[in-house]
Amino acid sequence: MSKVTAIEAAVAKIPDGATLMIGGFMGVGSPHRLIDELVRQGRKDLTIIANDTARPGVDIGKLIRAGAVKRLVASHIGLNPETQKQMIDGAIDVELVPQGTLAERIRAGGAGLGGVLTATGVGTTVAEGKQTIDVKGKTFLVEEPLRADFALISAWRADYYGNLSYELTARNFNPVMALAADTVIAEAGEIVPVGLIPPDQVETVSVVVDHLVARSN
Amino acid sequence: MDEKTIIAKRVAQELRNGNLVNLGIGLPTLVTKYLPVGIQVFFQSENGVIGMQPLPEPGVAADALTDAGGTPTSIIPGAGAFDSVTSFCLIRGGHLDVTVLGGLQVDEAGQLANWMVPGKMVPGMGGAMDLVSGAKRVIVAMTHTAKGAPKILKKCNLPLTSVRRVDLVVTELAVIQPTEEGLVLLEVADGVTVEQVVAATEARLIVPNTVPTMQLAA
Amino acid sequence: MDEKTIIAKRVAQELRNGNLVNLGIGLPTLVTKYLPVGIQVFFQSENGVIGMQPLPEPGVAADALTDAGGTPTSIIPGAGAFDSVTSFCLIRGGHLDVTVLGGLQVDEAGQLANWMVPGKMVPGMGGAMDLVSGAKRVIVAMTHTAKGAPKILKKCNLPLTSVRRVDLVVTELAVIQPTEEGLVLLEVADGVTVEQVVAATEARLIVPNTVPTMQLAA
Amino acid sequence: MSKVTAIEAAVAKIPDGATLMIGGFMGVGSPHRLIDELVRQGRKDLTIIANDTARPGVDIGKLIRAGAVKRLVASHIGLNPETQKQMIDGAIDVELVPQGTLAERIRAGGAGLGGVLTATGVGTTVAEGKQTIDVKGKTFLVEEPLRADFALISAWRADYYGNLSYELTARNFNPVMALAADTVIAEAGEIVPVGLIPPDQVETVSVVVDHLVARSN
């Protein structure tokens, strides 16, 4: 059961208006080819859940520049003035989330949890409009889980079943996003025969991956 | 010695052997240059590594190993890599000994504002809120004033990063410790008087009878 | 064919190519023997592995690879290992396609009791509550009666495993599907009449006009 | 900064009455030597947080048999009749926790979360006396975080700093417990020079480990 799919076909499954989680951190560990193909196919009105939007015209920044993004949930947009401009102009609806809360909200979506109880953001603008709960005399924000229609993931190595391994800081949000979307499309630096990734080095298990695309053409 | 060097050198003295430390981008990263001899510190980068160190030489950068700003870095032997969930588990779970961050404002309650200026700068908080809420020790490393205006105020008027009281504020003029009673002036920089610090500070400072001078290596 | 074989063979037909499946200890583990040809299923063991399979031969057991009962096992190529947190993230997060568990009681609401008999058996729920609450599909594999007494009741009187309605109940006499309207009799075993199933069941059964016979491989 | 400590000295730090998390799953991946040394030193009135108590007189079962345990938080005691007998006799106060909830509660303790919002246990005896919260119209139990004074961990490999790697199903509760205790004592199958465990295979980072003991004498 190989999961390898032609990139055009894999990305064609994503409709306009879809909610996408996209792995990566300032463009490191981002699914470069999948992003390029989304832009090439002219997808629009996307909701993107990602740590950041990289730099102008780079990685997720390409989707911003292409005007493909309607809504963004991210922790940091400081290094991409185009995102900030579109936000101020009202072209993109941006929800800024503390990075640790973002990671935990995605995790909650993937782990079947009802939400995240966190001290981060209590008493700040981040808390506005949110439930709080007291546990053992301390107040926590209730942050809701995040899920997506698709997760676009970047891995170092995959096997044909879709088991994935990651490398150093290119790991970041990829493993957790692979658990929090209805359909997972992974891009891998290399695809190796089944059995070549030692079980202890499988960080995303094959059963959650739907489609696999090689990084090089 | 310029302002930034004074601040970085003084902050470096706060790090202890074996500490897990996170340095914010900008001024705080200078701290790595002035670690006391014999002190081994583990630097965390919130994008997923402990044991970060500067690139030893040009030309050995790898795409998959960068700091939180996306700049190539390297690691010490004994480093560990992990995903964003684990990274913030370390930050928020009380495993991070020290975080050093820049600041826009600190107030008499010891609260920090450092992540946005409404209508002007909306970069997003990144990991700042998690770091200030979760680290065992929060050190703010910043210039004492901005274009002549005090940054240490009675009350922050920019959005707070956290309601948590920070542990130490280090500027080019002074070392200040926020306490339940208020801001205590711990040290003044070489050549700076208590009166100069008070004049450059909007917040009320608690001034002990003797205020020692910051001791910095040359 | 004995009771357990009937049940295991019938449950095996419910598994689909590529499914992630968790089998409870005891009767459910027999299902592995009767997988239809050409169907590849990934068996999860909740102690931390996907791709479990029986030991191929004696003498190749390793301390660090066991099933949830602590018995040595082996793995297929393409297996993955992980910690308990990830294991239950898969179970509770909707990633597990099918869980097959034993049962003490099932009732008209389709609710299952299978983890304790107050005052008698207090083993602890282990992963059962998580499996029943979190799996996409819950199949109960159990004998229809215990010492002659019905186990499919109007209302469970043992503590529930979950309030979630299970998806299918397979016994040596019948296949029953809990629905919003009640328990629907889907199939009867070869040589068993609808009347015999009704007589062995305390709960009201919804009996369609025609009830097909379970088709099992020899 | 080697973390290697003599086993007698490491275990001597644990006082009577302490709360201990102990890794392992039916004795697989348990810190065998640390348990033996606890029994040898005659520690008592312990609170143990663990998945199970293995079998009679085996691994954690040794602590049960020695009468060292006052309170137990576990998901399964079915294969150790001695634990069940002490529970029924009132010698041990046992809190039974669904296994996934146990893992998440320990994780919450290590991750600084205020609790776990889970559907597991809603409407069952597990829910008795607990807060519930509604998120997006669905009801979840609020399960409180677990922390311990000490975590006793078993690893496959360690380096002298205390970085740890695990093997297959001997992993189980060890990595998460290493994050949820004030003091972490790890027992490793082998201790290798610093730098020999690739950073991507470090599953418990050295900074959370306090003491390191070799498995063989």
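Letters A, B, C and D mark the chains in the order given here, with residues in each chain numbered from 1 onward.
Note that in this section a residue touches a chain if its C-beta (ideal position, glycine included) is under 8 Å from a C-beta of that chain, and two chains touch if they have at least 3 such contacts.
Labels paired with UniProt names: A, D = Acetyl-CoA--acetoacetyl-CoA transferase subunit alpha; B, C = Succinyl-CoA--3-ketoacid-CoA transferase.
Keep in mind the model is a prediction, meaning the values are calculated, not measured.
Asker: Taking each chain's centre as the mean of its CA atoms, which one is most distant from chain C?
Answerer: Using the mean of the C-alpha atoms as each chain's centre, the farthest one from chain C is B.
Asker: B-D or C-D: which has the larger count of contacting C-beta pairs?
Answerer: C-D is joined by more C-beta pairs in contact.
Asker: Based only on mean CA positions, could you tell me how far chain B sits from chain D in angstrom?
Answerer: Taking the mean C-alpha position of each chain, the two centres sit 35 Å apart.
Asker: Could you state the distance in Å from the CA-based centre of chain A to that of chain B?
Answerer: Once rounded, the distance between the two centres reads 29 Å.
Asker: Once you find the CA centre of chain B and the CA centre of chain C, what distance in Å lies between them?
Answerer: For chain B versus chain C, the centre distance works out to 55 Å.
Asker: Which residues of chain C are in contact with two or more other chains?
Answerer: Residues 49, 81-82, 88, 92, 134.
Asker: Which residues belonging to chain D are in contact with no fewer than two other chains?
Answerer: 104, 107, 111-113, 118-119, 166-168, 171, 199-200
Asker: Please classify the inter-chain touch graph. Allowed labels: line, ring, star, complete, other.
Answerer: Topology of the interface graph: other, matching no listed pattern.
Asker: Looking at the whole structure, which two-chain pairs count as touching?
Answerer: Inter-chain contacts occur between A-B, A-C, A-D, B-D, C-D.
Asker: In their shared complex, at which residues does chain C touch chain D?
Answerer: 45-49, 62-66, 68-70, 81-85, 87-88, 91-92, 121-130, 133-134, 159-163
Asker: If you look only at chain D, which of its residues touch chain A in the complex?
Answerer: Going through chain D, the ones touching chain A are 104, 108, 111-119, 131, 133, 135-136, 138, 140, 142, 144, 165-168, 171, 199-201.
Asker: Within their complex, state which residues of chain D touch chain B.
Answerer: 1, 107, 109-113, 159, 161, 163, 179, 194-195, 199-200, 202, 205-208
Asker: Contact residues on chain D for chain C in the complex?
Answerer: 25-29, 51-52, 54-55, 74-79, 84, 87-88, 96, 98-104, 107, 118-126, 156, 166-176, 203
Asker: Note which residues of chain C are touching chain A in the complex, please.
Answerer: Answer in residue numbers: 17-18, 20, 40, 42, 49-51, 75, 77-82, 88-90, 92-95, 134.
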